[in-house]
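As written, the chain order gives the labels A, B, C and D, with residue 1 at the start of each chain.
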Amino acid sequence: MLKKVLVANRGEIAVRIIRACREVGIPTVAVYSDVDHSSLHVQLANEAYSLGPPPPLESYLNIDKIIDIAKMSGADAIHPGYGFLAENYHFTKRCEDEGLIFVGATSEAIRLLGNKLESRETMIRAGIPVIPGMETAVRDTAALVQQASRIGYPVLIKAASGGGGKGMRAVSSQAELERALEGARRESKSAFGDDTVYVEKFIERPRHVEFQILADHSGNTVHLFERECSIQRRHQKIVEETPCTALDDQLRRKMGEVAIEVARVAHYTNAGTVEFLLDQDGDFYFLEVNTRVQVEHPITEMTTGIDIVKLQLALASGDPIPVKQQDIVPRGHSIEARIYAEDAENDFMPSFGTILFLQEPAGPGIRNDTGIYAGCDVTMHYDPILAKLIVWDENREMARSRMLTALRDYTILGIKTTIAFLRDVIAHPEFAAGNTHTDFIPEHFAQWREAGDEPANLDVALLSAAIYRHLNPPRAAGRAAASGPAFPNPWNATGEWEIGQGKGAD
Amino acid sequence: MLKKVLVANRGEIAVRIIRACREVGIPTVAVYSDVDHSSLHVQLANEAYSLGPPPPLESYLNIDKIIDIAKMSGADAIHPGYGFLAENYHFTKRCEDEGLIFVGATSEAIRLLGNKLESRETMIRAGIPVIPGMETAVRDTAALVQQASRIGYPVLIKAASGGGGKGMRAVSSQAELERALEGARRESKSAFGDDTVYVEKFIERPRHVEFQILADHSGNTVHLFERECSIQRRHQKIVEETPCTALDDQLRRKMGEVAIEVARVAHYTNAGTVEFLLDQDGDFYFLEVNTRVQVEHPITEMTTGIDIVKLQLALASGDPIPVKQQDIVPRGHSIEARIYAEDAENDFMPSFGTILFLQEPAGPGIRNDTGIYAGCDVTMHYDPILAKLIVWDENREMARSRMLTALRDYTILGIKTTIAFLRDVIAHPEFAAGNTHTDFIPEHFAQWREAGDEPANLDVALLSAAIYRHLNPPRAAGRAAASGPAFPNPWNATGEWEIGQGKGAD
Amino acid sequence: MELNLTFNNEEYRLGVERAEDGYEVTVGDRIYQVSVRPISSNTFSLVIHGANRLIHIASAGRATYVAVDGRQFCFQEATPGGRKHGTRDLPIDRRELTAIAPMPGRVVKLNVTEGDRVERGHTLAVVEAMKMENEVRAPIDGYVDRVLVREDDMVNVGQVMIELKSGED
Amino acid sequence: MELNLTFNNEEYRLGVERAEDGYEVTVGDRIYQVSVRPISSNTFSLVIHGANRLIHIASAGRATYVAVDGRQFCFQEATPGGRKHGTRDLPIDRRELTAIAPMPGRVVKLNVTEGDRVERGHTLAVVEAMKMENEVRAPIDGYVDRVLVREDDMVNVGQVMIELKSGED
């Protein structure tokens, strides 16, 4: 078993990993940038150390600092979560060189699979079906333009080091290509420190179907079945579910076998996800492998009963996979909805501020993986995911109904969130019918506005606000009124509160 | 499907039932006594009606009033929860006569099984093993004393209409019997409106093992496997788990078959629980049938994936059982810990007051069925259950570890609760070893005191309190200081707050 | 008490008076008799025409957030002098001549300087927050009149970043 | 600031002073340098000797509730004249002569009147709350001196219900 794990991440995934460690009795080390000093992951860990200023390159992407803290605190392992350094093979290599256990794949597997073009080539050689596209990356814009013409529009620009939709752009004509390339490169550079991009054929209205795989150091590999993640905005998943309504047993078996073959070809270890596009004819193409725990891993945990993060910890310490493929039997249906701090009425612009009030849904079959609490600040520095709401029920329709009820019970006041938008997505007749594809959001929700449900609700809200204001007039002067919000807090109320010097006042 | 369900209960079970109804799209009607006007179940229901003053006989046991509200609100069904009117066959009969669907068994089945002596006789005739004891109830104390002598001490006094340990007393000698009888009768009268008691042989250090059954109106009956509920204080369960460590496949199958036979003999419909005592030799005895949803039903839901409350609603509306016995395959291990408002250091005396702060545990495999919220009042009028913490994990040891972490994360400030006690129970080596029996608490926790874990914790708590007091000096005068607590509340702060007249100020 | 609340650019006039059994609230020309049952600091039950509505509410500065039935409303209290500096306060024809920040964040790129000729749709600047970039484009053909921000500046949503002159000037 | 807090019948003397980097707190004769990082109204992180401790805290009247590491402490602020009327304030020998309420609740039965002879263990009264009955028994052999409650009265935990005289009187 691992002795002490440093969690090189923040937000809900850091909380998730720390919880898993606590349950199996492994002490944890949290790291945080100055703006995150009061975050949930810092509260839960056994130890917590500052990484310094908020910009990612200075904090959560700061390899030297993270390695130093791991050694100083006596951690023998590092869990990278997702994002940040999770798929950075330099970081993994550094861990390997420093004698730290990296909870994930080897640096060589991450390097190979992180290079989308090299892994593409490798998979083609192994007979894995891939999307037609560029065979080599070129930095030269003219060459990219030429390749795009060869493949034929529409094409998709993708970051060579990418993942999670960052740096990805769909382009339907040459006229759009240059500007899209510029943005994709800048985003890719900012997110992954590498601005290499490439283009491939854009498949229309595909489903995004991925398989969770687990592999141990003895070459045993199993899959935990599929997740469908077609509901996306800006190429980022917002709703995921398992099982996928488009797979029959035969296709499911075949895709699962291909997923395991992909892992085998890449000498993959630990948990990973093999992503496929499934086109309207039922043909599927290998897309990429996400070499880390996936944001949407909980839905697989709900249906298979296997705790992927705990298994990651066990596999990292050298344990074999404890189950055989035939013993993994999914049960029921699970859906995840990602709650983002975004304004869905305004092109999903990020929203930040203080969470003034928080009420999370509860009840049977409801799981909420969260990184927030009432009173916390949502800052502009990081990915705007706040929480993931996951439901399980006996079948898809019951799960959908449970999700709608849970979203209705989810109240976050003080910032804009995607909660109301997600309700409307999951209530949509085409979603209910299982007719999902990656253009679902632009197709059905292009000009979405939040409905009040009943017109009378606006009056109820207005008169509630009026009474509340009547009872709680805003303070005429003073710091709280001047600087805006401030969660009602006895620490402020005394007027004499100051936090310790040099402790990262933000 | 039912059209509208009145939930004739309060607290966590009312919340649980209302949530199930909301998810399947059935509107709900809550009822509440005056002290419960702001309760969670009232907040969640579509409609809510006052039952009047807090004493149970005037509110939650007031059959006429509840029937009137059902008719007035247009409810076509009543779910009784557990406790209160759940096993009162007069109430069930009244529902039947008034054309209201009672979500539960028929009045005849409830009458038969509610009469512990008559059901005993019925079961003996059907060849079901029962505990040696009285064959008929007698009101005369002298006769009871004589019967006790015949059976041989130790004996157990039980309420003929009882359940949940109310009115139950273990008596080891004739000297104790009379006083015990008096108390048992008074408690029984207060809880069930009937002071008839009887005595049976007291089996030493047994396990309490019960089987969940489900039966439809066509006579199909299945069981959802067992729950072990041996961890009890004052004859009331506080920790339950499934599967039971003492059953092997053969014994489990046999007990399951007997449970179904019990249901069949009683012409049972809807959800019920067949309780057995399992002695140290592996012999089991029929104890009674709880003719209602059980407090600990969630652990069965966690392992079988079947939502018992939703099935109750379906069965009540005439649907058949949707699964076959052989398709019900439990997975993993689940434990429930009941959080009571009690002082475990002081003989589990009830504790009440305002919940000043509440933080509930969260994470994968954690379910919290609750009836409380920060700011709510816990009053002296009803059963002191606050919430049920339920965990699931792949095996018992993982579930136990998850429960310990979750209990550590469960913070309720303002009243005494059993949380710390439950942590010590579940951490106990004998519990870890699965050596549970109904005397577990008196045997291992007779003089329990909360440990500070580390002595330094007391100093940390003291200096935290000192700093908090320094920043928040108690108000010198005014209502809040005089009457004690008051949750920090803008409605009070203005000094002009008054709730509407006649709205049940408490 | 009287107050004006703004929602989705509409202004609502409200009046609150204590009444025998709670409050009389006017919303525009509609009058409601309501009573309020406090649940906790940010939650109350609103009894309106005999029906209960569960309300979650919080305020910060001049903003009040209300959740009714799972839908969230954000109201701004309108007071003279307390207005935010943003396009919402600008007359429509002035908006045409400004480029505003589409979200709060950091200016990561500034493509123009004063006097530059720009075409409608031209990317004037790029704002980044939470790892997402947004382009600020020219709303009209024209010239850059004033640049009010610098690279690396923090901007608020709706803040005027660049003022333009129309081509005819 | 100085204050006295009572926990499990022990009284602790505390002193709080602002220090450069937070507070200096004395607990009895132990001195701690701590700083505090607020998280939300009832939660803060206490930095003590470089280590972080997560604290949940709330107070009501003179009671302060603190959760450290999942363990709950309830402290009573001790002030002259603010004492609760209960046996905890009585000298030990006086406790022997009183029957106190074991829990808050309602007196559902009163078995004795003044002057009655009682034996140690005899049930003097029954208190009920939350559907649970508790018997109040005589702590000594003796006589009932004064009955301070009536049936149906509400009593608080620790409240003296009946005063006894020892047998020798």
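Quick notes on this one:
In the analysis below, a contact is a pair of C-beta atoms (placed from the backbone, for glycine too) under 8 Å apart; a residue touches a chain by one contact, two chains touch by 3 or more.
The chain lineup, named per UniProt: A, B = Pyruvate carboxylase subunit A; C, D = Lipoyl-binding domain-containing protein.
Given the structure is predicted, the values throughout are model-derived calculations rather than measurements.
A count of C-beta contacts for the chain pairs B-D and B-C puts B-D on top.
Chain centres here are Cα averages; for chain C and chain D they lie 52 Å apart. A straight line joining the Cα centres of chain A and chain B is 39 Å long.
The distance from the centre of chain B to the centre of chain D, each centre being the mean of the chain's C-alpha atoms, comes to 29 Å. Here the spacing of chain B and chain C, counted between their Cα centres, is 50 Å. The multi-chain contact residues of chain D, meaning those touching 2 or more other chains, are 36, 41, 43-44.
Annotation for chain A: residues touching 2 or more other chains are 468, 472, 488, 490-491, 497. By the document's touch criterion, interfaces exist between A-B, A-C, A-D, B-C, B-D. Within the complex formed with chain D, the chain A residues making contact are 37-38, 42-43, 47-48, 373-376, 487-492, 497, 499-503. Residues of chain A touching chain B in their complex: 16, 19-20, 22-25, 298, 301, 305-307, 310, 331-332, 360, 362-370, 393-394, 398, 401-402, 405, 468, 471-472, 488, 490-491, 493-494, 496-497. The touching residues of chain B, counted against chain D in their complex, run 56, 166, 179, 183, 186-187, 190-191, 234, 341, 343, 346-347, 349-354, 356-357, 359, 380-384, 407-414, 416-417, 419-420, 423, 450-454, 457-470, 472, 474, 481, 484-486, 488. Looking at the complex, you find that chain C touches chain A at residues 1, 3, 5, 7, 12, 14-16, 23, 25, 27, 30, 32, 34, 36, 41-44, 46, 48, 53, 55-75, 77, 102-106, 108-109, 123, 126, 128-135, 157. Taken together, the chain C residues at the contact with chain B in this complex read 20-22, 35-41, 43-45, 47, 52, 54.
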